[in-house]
Structure formats: structure tokens, C-alpha cells
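We call the chains A, B, C and D, going by the order they appear; numbering starts again at 1 in every chain.
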Amino acid sequence: MTPLGALFYLFAALGLGAAVLTATRRNPVHAVCCAVAVFLSVGAMLAVLGAPLPGVLTVVVYAGAIMVLFLFVIMLLGLPAGDGALPPGRFLVPATLAAATLVALFALIGADPTAKTVLPAAMAGPAAVGTILFDKYWLAVEAVSILLFAALAAVMLLGRGKTGRKIAAAGGRAA
Amino acid sequence: MIVPLSHVLAAAALLFAIGGVMAAARRSILLILIGVEFMLAAAGLAFAGAGLAWNNLDGQAAVIIIMGLASAEAGLGLALLVHGRRGGGTDRADSYHRLGEES
Amino acid sequence: MADEKQSLFGAVIEGAAGLAGSYAATLTHLFRKPVTEQYPEYKRPMPTRTRGRIILTRSPDGNERCVACYLCSGACPVNCISMQSEEGENGRRQAAWFRINFARCIYCGLCEEACPTLALQLTPEFAFCKDDIADFVYEKEQLLVDHGGKHPDYDFYAHAGIAAGTPKGSHIDEDEPVDVKSIMP
Amino acid sequence: MTVELLIGAGVMLVKMAVALAVALGLAAYMILLERKLLGRFQVRYGPNRVGYFGLLQPLADGLKMLLKEDIIPDGVDRRIFLVAPAVVAGMALLAFMLVPFGETLTILGHAVPQVIVRTNVGLLLVLALSSLAVYGLALGAWTSDNKYSLLGGIRGAAQMISYELALGLSLVPVVMRARSLDLSDIVAAQSGLPFAVTEPFAFILFIIAALAETKRIPFDLPEAENELQAGFHTEYSGMRFALFFVGEYVNMVLLGALIAVFFLGGWHGPVLPPIVWLGIKVLAVPVFLIWTRASLPRLRYDQLMALGWKVLVPLALVNVLVTGAILVAA
């Protein structure tokens, strides 16, 4: 095993372990902490797989922004911390389904002989990724940006809530 | 030399499955959202691995597009949660059934 | 629209000027001599009536002024003064022991105002720290000083009409004692 | 092969030790500098008792912090409470590994770059590390089980998410001009004019956003002493409080290094040796920050949010557009 390969397995083990912990935590803040660990591991795995730009962006976007947002919402809403372990029965049906899917997936992955060859180490520069992103996938980028804009507008609308409407109405009367 | 593509795909599949189980089994909207994020991240991981396997950068571009999707999803989901909670709701997914039958 | 733009531009200019002004003010302060007094090296002379540590003074002839009248003890709002009176030679009242607990004292000066003989006085000395709080209980020996404090020339017994050592009628501004058995005016 | 590897590891360790020592030492003396300068700005002396000119004050402070009792309040989430301060200080120290200190040296035929980690996504990594530092603040605040702390943590999280956007956008013109995310390349691109001259708006926007990221006055709402006691670190004492404190000052030094690298041309400069130029530039920024602290009052929270979202982000976007137009035209 090469050092890079060892790193990959290390981060994969860390990430999967943290993911299991996330799925089983009662306390939402603990779950968020574990989820951050998952995303840091995913970022590291991406970097090991020769994708440093997506890896760092994963850390910036997932761990640095989205999970902070989750934490912010937990703190804002004061979500209760549950006590005790989750009832294992609740996991029964989803876990069975997931296990069946996984078995099928592993069979498919194992059936492919080309997937058994060890990948060569490579490193893509951010400039090359950016070029291909804005050159070949410009439509997708535009679509995602429109999606983000729509989400932004929706969040604004939701966030204004009743008080915002009241203030707007009061302002309308005053004007 | 790193790892075989099959191992990358296996790791991604496991992460996807954990995210899926989490989204299905947990009651809190917050944790369901985290589960969905896991599934999206797992997809990105598979894309990056495939990109390395076939030595082209389309996979990495896909990861970045997925990331944009995921942030839109998380932002909107959390805004809905805050909105619902402000309207007197809880963070339990089961309690949002106003459009369903009376129960 | 043009007017609005002008006002926005003006607001930006005004804000920038405000920021620059505050930066300039602090910059000029940087080059001024600090006004701080370097305390242990330089001790500012305190006014004589500053209320600090309490002393028991003596009259010009070297006798204790305190007559153990308990007025200071009664006036003290925190009850930090205690004493025991006794009769000394010549029939004078004096304090057998006199104790002030400076850990409780609030330096209000009421005891000084209450003192009829000007014996108990507050001094400007304020820095007398101790490691042990029990050391703050000052006994008469520690409180007594060899001078008259703020009123060096005052002698209670020279004014008062009490015959303690000196014959009646010999005090300042005191008339000869009246012989009640005589009919002479 | 093995010898090469060992030498490489040794050089790396030496570089790490030097960077760590410089960062922590600078942070410690930054505290003294801040107190001294703040004193003079307020027409008083500042600390001058411990050692000549107060030079041993950082040691005395450190000793005091070490000897203080480390109070862990009832009802806190112990694990998170203990780890949170380390996240703040650790992320700030980690970012130092990306800061280049000079040109690549050649010692005994080996090329020794004067940077611990040189990566082609350096700028993004800096942003990633600064965004991870929020966790120390938010988790420490949440777990303290204190209303003031919680309010400070919520403010801090919202503030840092908001200003991260402006921070990243204000750096885009720099990347566009340098055509690289590598910090060494960015410095190399400024061998002529520093970006502070060619990109003045990006420079100003970055300073404002970075001030908010480091939670310095006028953006110190997470700790706002007069409303929130000490905000997110109200419940911390002893060495854990010191970690928060050191984290803030390491952040100040880091900010100096980043501004020097992104906008002031790094180690480039006439006459003086490169490392001196870098030192001057790195120290100039904290001095400016301290000056700002002495000069400006704290913003109100709605003003802070309005400034971030309604002023800085649009201006940064316009700046990106204009820079793009100029680069295309040129």
C-alpha cells in the first residue's frame, strides 16, 4: 500500500465511522460535530484522489458554511437534546433496505474487472478544473446559479415571516 | 498508485447508505437534512473517483456542481425548518401533516 | 434621481470624513505625554483632610487625649471601634485598651466628628495592606502617635473644667471656683 | 531515497518549529503591543511594570493564566467545552503553514521552499481554515449553557458566515490578476506593483471583511463586553480562556501575513532584505487594527448585517466585474 492509499483508507475509515456516529447521536449538536468530521474526511479523500479543488471546496462549503448553518439553526431554535440511545428498532427497516442495496452495489462493483486495477496518482490543477467547468458545463453552472438564486429568494420570503409582513403593512399605511 | 476504483466506489456506497438510513430513520428534520447531505457528498466522492479512473476532469466539475446543489438544498431546508418552528411547529418531521388526513 | 445620487455620494464623503476624523484624533493622542501618575514612584500629596488610617493623638504636653467616652464607638456605623475605659492616675479617664478593626472600617469619619477631645483623627495615609486580615485589628499601641495631628496646639484638659491633676479654676477661660459657703459676690 | 525523505522531514520539522515559534511569540508580544499602543492612544502608559518597558508582561500573563483555576461549570457538555478553545487557536496556527516567507532557497543543492505547505489551492485552504474556526466559537458558546454565551455564539456564527462571503469575493480580483490560487505565485505576481495599488477596492473590502472575521473592534459583537459580558467565552477561565485569547492574536498576526501576501507584495521591496520587508508588512497590519480599535466604536448588530450583505457583497461583486472587464480589455 502506498502512503496515499493508506491515507485514503484512513480517511475513509474516519469518515464512515463519523457518519455512523452522526446517524446515531441523540444530541443534534453532537450529530453536527460528527458530520463536520465526515465532511473533513470526504474533503481529504477527494484531495487524495487527485481533486484538491473539490476537496478544499468541500471543506469550505460543507464543513465551513452548511454545517455552521445547521449549528446556527440549532442554537437559534434551541432544539432539545434528547437523552439516551435511539431505539434500534427504528433503524430496522431502513437498514435492511440499505443493506440489500449495498449487497447489490457491491456485487455490481465486484463484477467490473476494470475497477480492480489500482488507480494511478494524479493531481489536477484548479485552473484545469475551472476551465472545464466553465467551458463544457457552463449550462449546468448557470442552472445551479439560478437554483441558488431561487433558493435565496425563497429563503428571503420564508424568513420575513409574519413580522415582516406586518412591518411592510405598517409601512404601506404610513406611506 | 492509490487505491482501486472499486474501493472508492465501495466507500462512496457505504457513505450513501449511511446517509440514506439516517434520512429514513431519524425524526428530526435537521438530521434528515444532514443525511441527504451525506448522500450528495457520497455521490461527489464517486464522481471524483471515476474522474481519476478515466483520467478526465468532468468528474471534478460534477463534484462542484453537486456542491452548489447541496448548499441550495441545505439553505432552503433550514429556512423551512425555521419557518415551521416559528409557526409553532417542532423539528419532528412526523408532525408536519397538515395536508394529510386528520390523525 | 440625480439628487439621490448626490446624497449618497455626500453620505459616503461624510462617513469617510467621520472615520478619518476619529483616526486623526487617536493619532494625535499617540504623541501626547501620558497623564498617568506612576504611583509607587510618585505619590500624589493627599489633602490633609483625606480620610485614611485612624490615629489617636496626644496633647502638647504628651498626654493621651482620649478619655474613653465611647462616643466614637457609638457613632461608628460598622462597629469597628471598641475600648474599655479605666481611671488613671489623677482620676483621669483613659482607655484601658482601644481597638480598631480596619478590615471593617469604612473610613467615613463619623468617629472623628464624634470625638469630643479631638483625640481620634483620620490621616491621609491609605496604603497599609496586609497579608493576614487579622493584622488589620489595630491595638492602642499601634494607634497612638506622638503628635497632635491636625490640631497640635489643642489641649483638652487645659480647657475643660475637670480637676484632674490641676486645681480648679486654673484652666483656660475658666473662672475661679465659687465658694458656695460665702455670701460675698 | 530514504535519506532524501529523512532530510525532507527534518527540514519540514524545522520549518514548522520556526513558524510555530514565530507565530506564538509574535502573538504573545502582540498582546503587549496592543496594550501599550492602546494605552498611548488613550494618553496613558500601558503595562510598564514587569521588566523594562513591560517586556516580560506576556510571560507574567502566561504564568498567571497557567496558575488560574480551570473552572468547568455545571451543565456544560464536557467534551465540547474542553475542545472548543483549541479549535480556535489551532485553526489560526494551522493557517500559518500556508504563508510563504520568501523565495525558494537552495541549500547544499537542495531546493528548500520557505513555506511549510505549498499547494495550488492555498488561497482556498486559508478560507477553509478561517471558516472552520467558527466551530470553536459557536460550540464553545453553545456548550457553556449561558444565555450571554449563546447570544454571542449566534452572533458570531451569523457574522462569520456573512463576512466569509465578502472575504472570498474580495479575493477574487487578486486571483484573477495572479492567475493562481497558490500563495507563492500570488506574491510572485506582485514583484512589480503590489495588488494594494492595482486593486485598492479589493484591498479595502478585504480589510473590512477580515476585521469582521477576526472579531476585532468595530466588529467584536460576539464578545461585546457591555451587552454580553464576554460573549462566547464568558464561562471560560484559566488556560482555556488564554487559548481563545491567543487564538485572537494569532489571527491578528495571520491577518497581517495574509494581507502582506495578498495585497502588499509579500517579501518584495527595495534595499532591505526580503524577510525584513515581510516582517514590516506583517506588523503594519496589526498596528492598524489596534489603531482602529482605539478609534472606532462598535457597530450595532443590524448595522453589521446590513454592511455585510448590502454594501460589502455587492461592492465585491461589482469589483470582480470591473476587474474582469479591465483584464479582458488589457
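As a convention for this text, a contact is a pair of C-beta atoms (placed from the backbone, for glycine too) under 8 Å apart; a residue touches a chain by one contact, two chains touch by 3 or more.
What you see is a predicted model, and the numbers here were worked out from it, not measured in a lab.
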C-D or A-B: which has the larger count of contacting C-beta pairs? A-B
Mind checking the centre-to-centre distance between chain A and chain C? Centres are C-alpha means, answer in whole Å. 72
Need the CA-centroid distance for the pair chain C / chain D, whole Å please. 53
Could you work out how far the Cα centre of chain A sits from that of chain B, in whole Å? 6
Centre to centre, by mean C-alpha position, how many angstrom separate chain A and chain D? 27
Going by the contact rule already set, what residues in chain A reach two or more other chains? 53, 57, 65, 69, 74, 76
Name the graph shape formed by the protein chains and their touching pairs; answer line, ring, star, complete or other. line
What are all the chain pairs that meet the touch criterion? A-B, A-D, C-D
Once bound in the complex, which stretches of chain C touch chain D? 19, 22-23, 25-27, 29-30, 32-36, 38
Within their complex, state which residues of chain D touch chain A. 77, 80, 119-121, 124-125, 127-128, 131-132, 134-135, 138-139, 141-143, 150, 153-154, 157-158, 160-161, 164, 179-181
Tell me, which parts of chain D touch chain C in their complex? 37, 39-45, 291-292, 294-296
Touching residues (chain side chain A, partner chain B) in the complex: 2, 4-5, 8-9, 12, 15-16, 19-20, 22-23, 28, 31-32, 35, 38-39, 42, 45-46, 48-51, 53-54, 57-58, 61-62, 65-66, 69-70, 73-74, 76-77, 79, 86, 90-91, 93-95, 97-99, 101-102, 105-106, 109-110, 112, 114-122, 124, 128-129, 132-133, 136-137, 140-141, 144-145, 147-148, 150-152, 154-155, 158-159, 161
Which stretch or stretches of chain B touch chain A in the complex? 1-11, 13-15, 17-22, 24-26, 28, 30-31, 33-35, 37-38, 41, 44-45, 48-49, 51-53, 55, 57-61, 63-65, 67-76, 78-83, 85-86, 91
